[in-house]
Structures are given as C-alpha cells and as structure tokens.
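The following blocks contain the structures, represented as structure tokens.
One chain, subunit A, links the two complexes that follow: it is found with subunit B in the first and with subunit C in the second.
Let's turn to the complex of A and B:
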C-alpha cells in the first residue's frame, strides 16, 4: 500500500515536472528534422504508411507528443528509442530545447519481442506528428 | 519470471494495439476489390474517387461515404458524383484536424477507411501567370506563389540539340535557368511540387503548365511567344495547334469531297448542249418552237440553184447559219434514210418527213 502511494506521488511529480518544450528553438529543430530525421523515418518506413491516429495543433504540443512516442517504448517495439531518427531527435531536443534532458523512461516493457508491424505503425505515427509540427 | 513477463505482454499488447491500430497500409486499394484515390486540391477541397479494383469488374451497388474532421460527428458526403449512374466519388470541404473517410456498401459494411491530415493528399494547382525572360545566357522564370508554404517550383527546359528535359527547382517561383545559348530555341514548362518533408510522401505535384518556346536572339519566328498560359485550364499551345491543324485538314477533305462529287456528277449526268448557239433565234423569236424556226429558216433561204434542186437539200443562208460542205450532206435516196427531204442547218442535219423530222 505504501509502495502504491509512493508510485502515485512519483507520477504526480513527474506530470508536474514534464518538460513543456515552449522554450525550444523550433526553427533549428525543424531544420534538423528536414535534413536528417525525416530521411531516417522514411527509410525505416520503406514506403509503408498507416492511418494517423494522433494529431497536434501547435509546435509545443507536437514536440511533446513526438518526445513521448519516440522515447517511450511500446510493447512490440522496444528498439524504437535506439533507431537513428530517435537518436537524432534526442540530440536536437537536447541542443535546442534549454533545460530539456531525457527523462527516465519506463523500461518494464523493453523485454517484449519486437513485432515489425508495431514498430512501423509507431514510426508512421511519429512521422505524422512531425508533419503536423512543421505545418502548424 | 519468464511466464509472468509473457503474461504482462499478453495483457498489455491488445491495449496498445487498440490505441495504435495496426491496419495494413493501403495505397489506393482494399483487397483489390475497391480502388480509392484521395486528392486534396490546393488545400481547398478534398476529392475522393473510387472504382472497382482488379478483383471486381464493376461496382454493383452505390457506396456511401461519410467523413469527419477531428472529433466531429461523422457526416454524409455533401456532393457525390456519378459514373454510369453509379456513385463514383465525393467532394468534401476542407477542415481542420485529421480527416477520416469511411466508405460503406449500402450504408452497412465498411469497405474502406482512411484517417490523415487532408494535406497529406495535397495536389496543388499548376503555376499561373508564368513569365520567362532572357538575362544574358540565363532565363529568369517567375510566377505568383501559391497561398500556402511547403512547395517547390520545378522548371524544366529542353531544346532540339538535347531533347531530354533538364530540371531546375527552387522553393519560390522566382528562379534562374543558367547555361543557355540565346541563339537556340528552348521549350520551358513549370510545375509546383509539395515538399515531402512538409506534406509527407503521398502529396503529388501539380500538372505541368503548357510548354512555352523561347529564344534569346537569332531569327524570329522560330520560337513562339515567351509567355506561358495565363490562366490555368486554358488549352495548352500544342493542343490549340493540334485543334487548328485538325480543322484545316477537315476543311481540305470536305473541299476535295465536294470536287470529287462534281466530277462524278459530270461523268454520270453529262450536260445537255444548249441549242441556243446552234439555232440562233430559236428561243428569242420562236420561243423554242423548232417547226416555226425551220419554217422561218426555209423562208430565209435564197433560191436554190437548178443543179441542187434534185438533191432536196435546204441550205439556209440566214445570219449565223453556216453553209455545210457538200461532203457533210447526206444525199436523198440513201438506203438508210428512206423517203423525205434532207436538211442541214447550222451544223445539224434533219430528215424531213410529212409529219415531222428526224435528227441525224
């Protein structure tokens, strides 16, 4: 019971301390996206595209979701944060978002087996968020 | 421990898959039964068209389309268009948020669904008011930019020496094509292409503008005007030229046909010679009454010499009637003529009987 209480408090603190990306240099981040991240995403997708599930209407909101989907591994695709586009995204955010540092990620699901379709779908969602980001 | 891990995966996987559906990607067809194309025209409207895929040879029933932007309530298609009395497409208004399109068969089973930003299917309209001008050995190309960003303008040129199109592109419709010879005649065309990093890999380039020919110096007339079509949708120069040639060719063929018809008519129905020239006064004085004309002509004949009386040959001497040579006059009593007088008038010979005459 005490453990759950601590976990709950930890989540509340984490939410309160979630980086909001409002101070990022969006121009530089989008340049990096254009120059490298986009090409890496396309290469991973290899022409396969999925329906877009999530959208965002501001650059801040988009970076928040990009960060979440890129660095929080989902069951079936534990390798996503280690992909080339993810590493370049991390570098761009660290360099052009003052105060940003990679937060502690939930690692309990990383042991799941890799399922190609899940990785492709997740990558497609991240591309859709980048497209929304650059258009917003 | 391993079993516990797999149990957790088994519990969480369906939830994750539910949050991010893993539908198989579609590039225009669903199981080859339905081919669907979505085009966002100039970020102003969205056109969805469908037709039978390779597995079906025709749509047996009308499909119904519903759409929504973001979290709106799904709406039916506001404007279907038909092909052979069957619904074949729908035009949707532009909206904000993700566009979800669902096609159902008879309002029931879902045949097709897509969900994306409408801009993912962008196809811009072709550039308009494009101007080309020579600056030294370069050509400056300019046109008004579209009202939205993320496009690239592509100019292609070629000439007779190098018929392959060469491309030059820039993010604005204000670019320069270099390394040209002003003495040569070049063809140019322009289009707008959505940048893939901005709209995604499914957006499509606009149509090309019409081809414009341009020459810097040299003999005039080898190239046409330097301005591309001013309004999108007007016929392109090659099309206008082809139409003109077709009309000219058709006119020529019609004229030849008319000429041929006249010749055929002449061959089948030869013209009747006008007796007006051979029988002067026949119509003017006698209103076509040949008997009266002959009588008049006989009256005008001078006294026949004695030696000719036996021949019964009338030789009219009236004005305009020439005397025939004796060789041309068939003598009376000839076996083929039977009885009657032979008369020769104005080049025509007649065998006169009691009640009429026979033309020889």
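Let's turn to the complex of A and C:
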C-alpha cells in the first residue's frame, strides 16, 4: 500500500511538472511529421496497424501523449526511444517547442527483452496520436 | 688667378655632386618603387592577404538506401586545400560530429546519421582550428538526383511528341515531390532553350510549336517541390535528340472536314433544284395559297349576254310585252293594270315601277306561257331585261337559249323548257344565280294554279339579283 501511494504521488508530481507544449510551433512540427516522422513510422510498422486505444482532443494533449509514449519505454520494447522516428520527434520538439528539454525518463521499470508485437502496438498507438494531432 | 680658377672648379664640382645626389635619390626611389611591384607580381606576398575559404554544400537524401550524402566544395577552385578538411556537427543521430572525405576538389560524406531536423554547423578546419563555419539545415540544401531515361516519341495521330523520363525520387521516402524543367531547342542554330515546367514525368510537345524537319535537343532537371525539403536544381539529365517530320505532313490533312463541306454543298444545290422544280406545284400552294378572284368567280356565274339580249327589270321594258294573267285574280289585275299603263312611268315613279316590275318579273315565266310566238319574235321579256344591262350578265341558261326564240319555234313548251334549269341549260359547275324552284318553272297549262309560297320565293330571288345589278 505504501509503495502504491508513493507511486501515485510520483505520477501526480510528474504530471504537474510535465511540459505542456502550449508554446510549440505546431505548424513546423506537423510539417516535420509529414516529411520525416510519418515516413519512419510507416517504415517501422510495415503495413501493420493495431486498434487505436489512445486518443487526444487537442494538439497540446496529443503532443503530451506522443511525448509520453515515445520516450517512456514500455516493458517489451526497450528500443523504442532509440528508433529513427523517436529521435526525429525529439529533435522536432527541441527545435520548435521553446523550453522543451529531454526530461528524465522512467528508468525504474524493468526492461524485458524486446517483443515485436509490443513495439508494433506502441508504434501504432503513436501513429494514431499523430493522426489525432493533425485532425485536432 | 690660379686661386680663382680652383675656387670656380670646386663650385662646379659641388653643383655636380648635388645634382648627382639628387639623381641618386630619384634613382633609389624609382628602384624602390619598381622593386615593390615586382614582388607583388612574383606572388611572394600571397600569404599576406586572407584566403577566400567560402564554400557551398548540398545534400542528397537516400542516395544509397537509407544513406544520405553531403557534398561541399570551395567557391574558389584554385584555393590550396592542403591540410583543410570539412566537419559537420549537430542534427546528427547518435553522434556529435562527422568529418567529410576529400574527393579531388570536393568534400563528400555518405551516412545515415543525418537527422534532417534542425541546423548543423559545417566548418572548414585547418588542423584543430576552425577556418570558417556555416550553419546549414540539411533539409533545405537538397539537390535531387538528375532525371534519367529521357525519351521522346512522335505520335502521328496526335501530331505531338510524347516526352517521358524517370526519376529515382519516385521510389524514395522523403523527397518525393519534385518539379521538373524540360528544356528543348533545335540542335543547330544555338537558339534559346524553351522550358516547360511540370510536376509529372511525362509531357507532350505539340508538333506545330516545333520547326519542321529539324533535329531537337532535349534535357530535363528537377528541384524539390516540398513544403519541408527545399534545395537546388539537379544536374541536367543526359541530352536526348528527336527529329521533327517534314512540314507537308504537319497538321495531318483531315479528309472528314472537306467531305462534310462537299456533302453540304451538294445538298444545298439539290435543295435549290428541288425547290425550283416543285415551287409552283407543291410548295407555293402550301406556302402561299391563292385567294379566289372575285371577278373570275362572277364571270363564271354571269356570262355576258349577247348584244341583242336586253334584260331589264325596268317596267318600261315590259311595255311591249303581252303578259297574261296566269294565277289568280289578283295577279291578273296587276297584269292588266300594268298593261293598261302604256305610257312610260314618270321619273319619280321609276323606282317603284322597277320594283313592281321585278315583282311581275317573278311571275313572267308563267305569264309567258300565255303569250303568242309573235310576241317572242318581236321582243322577248328576256331581251327586254338584257337591254338595260350594260355589263351583265345574264345567267347562262337565259342567254344561251335566246336564239331559240328567234328561230320562231312556236312550241311553247320549248320556250318554257329553255327557262327551266334543265340538264341541257344548266351547268353543274356553275351555280344558279338565284334559286329557281322546279315547281315554279314547270310548264303548266293556262289556268293551272301555282302556289303562292313558290311565287314569293321567286320574288326574293329576283329582288336579290336586281339589287346586285343596281349595286354594280
């Protein structure tokens, strides 16, 4: 119980300190997405798409979720932040979101060996978030 | 004297020395000046001026799979590049800096480490010292690969040339949208290039825009047409040539149009001929129906009587006629009173008498039945009527039989028959000028009664004709 309480408090503090992406140059970020990130995502997915679970209703919310899913490795896909689309996303956010910096990511989660479907699912969710960002 | 000569010689020597010194100074100055310019020409002072190390770079994406290339070179091709190298830092994947390889006068690197987002610093380094640096964005200095496989095919049916070419960017991931510049000109004559800009890899050049029977040179190049990737024109593709056909084949004579024209002309001529032939018989009656001519109609109704036939309803005409009473006492009285009136009527009574005469005239056929043949020989009532008609127009059945009277045919029944609308006297096509009822004009023996209604109808008929003649 104490452990869960600490984890909850930690998540709340992390959310409070998270960059809100409101000052980003969305036009340039979306242009970069169309030119490079989208191509890399498609290449990684290789035509495989999963049902979109994550959704967002505004550009800032979408960028927040994209940042979270891209740079916080999930169990089963530790290499996700090192993929080309992730590095380009980071570069886009650094260049066109003033004040954005690479924050310290979760290192506490136990990284297991890479499972392809988990990586594909995560990549598919990120692609869906980008599409929602374009439409919002 | 000797002393004076020595002094003068010394003065001259001093002047000469001063002059010599002046010449020496001038000579030394000229030497110095000529010596400096000579050094500059020799190039010994080359290191004294700063070298122009300005350079240019362009990138090519996905030149070899996922690998991109960066090519840089100095603007001055004569610059000494010994110990100089190019280095790019920033906007790289997983690495801070990359050093370009020297390839003759150019510096080149092929890597997959370009992030394609953000600026990079490209520096010319002499050892560890930066000579000159530039901030570049790899995505904005993209130079596409030159198009290839340029082909020109002449299409005779379309009278044009189909230009096709290939570009390696159609299969690339990043820079896929390009604008192409197709340039062509006659191979001889050094005329200006004609440029055609397009976004696809095929276009057509109309034959009429080209000189006939000429050899053309054509080439194509590309430039990024992307909202994110910018850059420069690619190299020109290898030139291709094509020859235009002779001018006599230019435009391709189309036999359809002259055929249509000839057919139309022939149809028009045929139409005119038909219209001319069928105008009177078919077209004119339909288009322009003829109205009946009143004169002709009346001429058919009333033929002009013979000269001697004098028909009149004037009572004076009946003065010499013996009219006998046929029907009833009233008619007899009227006839008697009429016959008793030998004197011509006074002018005032003319109209009344005329009217009365018409009334009697209506009865005269039956009255004639009682007259003698001599009466008809002298002057028949019909003649009396005709006498007063200047222009008209006794009914045919009246006039045509007048000679019968003169022939002295005493047969009264013949006379009556002449007055009848018999088949011999009446023409079926010619209408009767007034209705004659067969019951009235049937020859009857003296004393045989005729119905009053028939007499009245006959009166109406005569009155109508009288009115018509008067109006005329």
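Following the convention adopted for this analysis, the second predicted complex is superposed on the first by the 120 of 136 C-alpha atoms of A that agree within 3 Å, B and C clash if a C-alpha of one lies under 4 Å from a C-alpha of the other, contacts with A are read in each partner's own complex, and residues count from 1 in each chain.
Please note the rule applied: contacts are C-beta pairs under 8 Å (C-beta built on N, C-alpha and C of every residue); 3 or more make two chains touch, one makes a residue touch a chain.
Bear in mind that the values here come from a model prediction, so they are computed numbers and not experimental data.
Trainee: Once the shared chain is lined up, is A:50 touching subunit B (first), subunit C (second), both, or neither of them?
Mentor: First partner only, subunit B.
Trainee: Quick one: classify A:116 as touching subunit B (first), subunit C (second), both or neither.
Mentor: Neither partner.
Trainee: One more residue to check, A:76. First (subunit B), second (subunit C), both or neither?
Mentor: Only subunit B; A:76 stays clear of subunit C.
Trainee: Now for A:132: first (subunit B), second (subunit C), both, or neither, which partner does it touch?
Mentor: Touch partner of A:132: subunit B, not subunit C.
Trainee: Mind telling me which of the two, subunit B or subunit C, contacts the most residues of subunit A?
Mentor: The partner that reaches more residues of subunit A in the superposed model: B.
Trainee: Identify the partner contact of A:68: answer first if only subunit B is touched, second if only subunit C is, both if each is, neither if none is.
Mentor: The answer is neither, since A:68 touches no partner chain.
Trainee: Does subunit B (first) or subunit C (second) touch A:34, or do both, or does neither?
Mentor: A:34 contacts both subunit B and subunit C.
Trainee: Output the subunit A positions appearing in both contact lists, the one against subunit B and the one against subunit C.
Mentor: 34
Trainee: Which of the residues in subunit C come into contact with subunit A in the complex?
Mentor: 91, 93-94, 115-118, 139, 173-174, 226-229
Trainee: So in the complex, which bits of subunit A are touching subunit B?
Mentor: The touching residues are 33-34, 38, 42, 47-53, 55, 57, 74-76, 108-109, 111-113, 117-118, 121-122, 125, 127-128, 131-132, 134-135.
Trainee: Mind listing the subunit B positions that touch subunit A in their complex?
Mentor: 5, 8-9, 12-13, 16-17, 19-23, 25, 27, 70, 96-98, 113-117, 119-120, 150, 196-202
Trainee: What residues on subunit A touch subunit C, complex-wise?
Mentor: Its residues touching subunit C are 31-32, 34-36, 39, 43, 84, 87-88, 91-92, 94-95.
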